[in-house]
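Next come two complexes built around chain A: one with chain B, the other with chain C.
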Partner chain A sequence: MSSELSALMSATFHEVGHAHLVELVHQKDRAARRRLASLRLSAYDADGGLQLDRALDPAEEILDVAALLDEPARRHGRLLVVFDARYDPEVFPYRPHHYGYLHRAESTAPPLYYAVNATLGGVPDRIGAVALNNFETYLFLDRPMSGHHAVAVGNLSRFAPADAEVVSYYDGIRHVETVRLMPKAHTEVKLAPEREGHRLRRVELKALFRMASYVVGRRAGGELVLFDHLFTYFK
Partner chain B sequence: MLKRLRTWTRGLLGVRRDPTYYLPWLTRPGLDCVVLLNNIESRFTSGRQGRGLDARLTQFDSDGRVTSEQHATLVDSTDAREVRLVPAAAGYGFVTVEAPRIKSDLYVALADGETYTATHGRHEFIEHYPAWTRGVLAVVGALLAPLGLTVPVFARDQYVYHGAASRSHVLILNLSNVVNRVRLVAERNGARVGTRLVRIPPRGARLVDVGSLAPATSALTVEHLRLTGNAWFNLYLIGAGSEDLEGALSLMHVK
Partner chain C sequence: MTTGLDPALDTEMLCYCTTLTFGELRAACAAGAWPPPNKERTGKLCTGCQGDLQYCLRLLGVRGPA
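Moving on to the complex of A and B:
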């Protein structure tokens, strides 16, 4: 075991009414040697107000996020959920990964597996990045959709506010929406399915530093049908 | 150490690893499967040409047969092309994309006419075993199969979740030119609750219903799956609602 620990901060969002499970470490092995050294979970409301902060047992395999956060989410709405992990780089030579599972109660929509968003957490060397990692993009199918897409974005900084620029492309039409987020504040930027008769084809997210971000697809009634990470190309 | 041993063993066995970009595909009645080709990465990175990306898509069915070959060309770095995959055989498999000048991720989407779900492919490899190694694996694999065992060359661990209102299926892709016998063991709270040995033809695929492997005992049951195969394989997760494979589906990559 190394005498130095590395850190990973990862993040997701939680809405009340969803079964929401997150594995603490994806790279499980039969002897359960691959575990984190420590893990802390904190949850924040849309304004960045801390609603829950607690240490988790790294020996646990699956965290029931809904059991932990449904009650504050009922009072405060959607929450930004931050996982602050310490791990031995000899155990995880790249970094730990973890995946989540989302399914709204009584929904006919399929459950969604997703990769929990790694957000650097101050250790870019552990994630293979040599430059600022603050530009992400995502493409959409060219077909009508019942419902809409959005970008869920949260500012994970401790002190600094951030302007997150969400640029959406509709063939030749470019639309920019900038949101200012205080530390740990978050929002969901809705993307119009069409502009001037052209469908949404691509979105970019730009900020001074890495945000917690997901592309979200919702049916007309708000049910989640897509919850996916964007793609970063500056590494 | 283990990595070096694996490399050394592959060399001894004459195994070749051909770099390959692949994505899963799955078609059902009323559900389109589409690969979204793009070269957007070249717009933001230096040293890669942004224009004229030619791509060849080769679609393999669940038995490893080539069911279609399609070509597409992107005009420039902001162009994107949708390639609809052809329903064939059991309705699933994987598709490889040969596009030498692209390294970024491509998407595969399942669209039901109202919405769609999407995930990305993997730039990994397909293993090619020489004839004698294929023969040895075939003999040893056939001897172990009646015992429900396989030659344990590769293993993957995966958590899956299922219940009455949500189902999970594991799409296992055989990324080699040998018959891959993949053993699945489902464990719940450390206790074994189901095992199955799946025989996958070269470059083929199999879809395993987690509920049939280990029936759910609660509204949402957590299973730990351990998959062990005699050659390289990967998996994708298919999420289904109460209508199971007849309804809308989601698709997700895992490490």
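Moving on to the complex of A and C:
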């Protein structure tokens, strides 16, 4: 691989029962669609076991994640899906973006559009994000929700286990849950909607190094109504 | 000292921000020249490789166990 290319590792999660598409390059320009130099997809079960690994055609515009991963997800449950991209920094002066579309089969809820979590690389200093990428926050809306929220978190390292600390806030009440994740392992940490009569207001994720993470909201029947990455708020 | 880190990883990317490969890390450590020029911010930008970087540096004898 040319050392002149830049690198980006992004990640999402996939579960059976959802239409799940990923636009491999969100940015376009007037002259032509911008393209990655190369792209590789790998998928891992909850214990970090590799279930799929393949090169993708960087000329492909929309990847049908469900068509590719429903079968292994049916056998192994939710999968951590990793996109390993190489790109020319002159083509993408900031970095490429992958965007996702999620919609549960036969659901009456609107589809969810989300930015795939850029976890490693993308050269954050190009936008001035030079500190504390491993400390992220999500603020919840004020209105109550039937169902529950959770934080889906995955460890993209090759060797290093990670202790990820999920801290939830209920007005003045703070609750901490720590999960240990081996390389490529992932889990979903459920957040109680209320504690001592106080509603969930905020969640934070902290680890020694940056994790792949999303805030997930599900209705009582399991229907997905929120799937969004956390924010660093420090730039 | 290069024991402990699989040479098959040499072309693989370790730091996605500075595009440092495992092979470049191995070569720099063997030469006693860690970090190499222009790779000083390895592990310090997105922080995603920080765990692997520390693991590899220990394997290569650059730092003692944490």
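Please note the rule applied: the second predicted complex is superposed on the first by the 214 of 235 C-alpha atoms of A that agree within 3 Å, B and C clash if a C-alpha of one lies under 4 Å from a C-alpha of the other, contacts with A are read in each partner's own complex, and residues count from 1 in each chain.
FYI, a contact is a pair of C-beta atoms (placed from the backbone, for glycine too) under 8 Å apart; a residue touches a chain by one contact, two chains touch by 3 or more.
As the structure is a computational prediction, the values presented were derived from the model and not from experiment.
Asks: Report for A:160: first if it touches chain B alone, second if chain C alone, otherwise both or neither.
Replies: second
Asks: Taking the superposition as given, does A:194 touch the first partner, chain B, the second, chain C, both, or neither?
Replies: A:194: touches no partner chain.
Asks: For A:47, using the defined touch cut-off, is the partner it touches chain B, chain C, both, or neither? Pick first, second, both or neither.
Replies: Neither chain B nor chain C is touched by A:47.
Asks: May I ask you to decide whether A:141 touches chain B, chain C, both, or neither, giving the answer as first, second, both or neither?
Replies: In the superposed model, A:141 contacts chain B only, not chain C.
Asks: Considering only the touch criterion stated at the top, classify A:208 as touching first (chain B), second (chain C), both, or neither.
Replies: Touch status of A:208: second partner only.
Asks: Classify the contacts of A:107 with the two partner chains as first (chain B alone), second (chain C alone), both, or neither.
Replies: first
Asks: With the two complexes superposed on chain A, say which partner A:90 touches: chain B (first), chain C (second), both, or neither.
Replies: Neither partner.
Asks: Return first, second, both or neither, reflecting whether A:19 touches chain B, chain C, both chains, or no partner chain.
Replies: first
Asks: According to the stated criteria, A:71 is in contact with first (chain B), second (chain C), both, or neither; which is it?
Replies: A:71 sits against neither chain B nor chain C.
Asks: For the overlaid complexes, name the partner, chain B or chain C, with more touching residues on chain A.
Replies: Ranking chain B and chain C by residues of chain A touched puts B first.
Asks: Hey, which residues of chain A end up touching chain B in the complex?
Replies: Counting only chain A, the residues touching chain B are 19, 21, 23, 26-30, 61-62, 97, 99, 101, 103, 105-115, 135, 137, 139, 141-143, 145-147, 169, 201-202, 217, 219, 225-226, 228, 231, 233-234.
Asks: State the interface residues of chain A toward chain C in the complex, per the touch definition above.
Replies: Touch residues, chain A against chain C: 1, 3, 5-9, 119-125, 130, 133-134, 156-162, 208-210.
Asks: If we count contacts the way the header does, which residues on chain C are in touch with chain A in the complex?
Replies: Chain C reaches chain A through residues 9, 11-13, 15-17, 19, 41, 43, 45-52, 54-56.
Asks: Show which residues of chain B lie in contact with chain A when the two form their complex.
Replies: 34, 36, 38, 40-41, 44-45, 78, 80, 82, 104-105, 107, 109, 111, 114-120, 157, 159, 161, 165-166, 168, 220, 222, 224, 226, 237, 239-243, 247-250, 252-255
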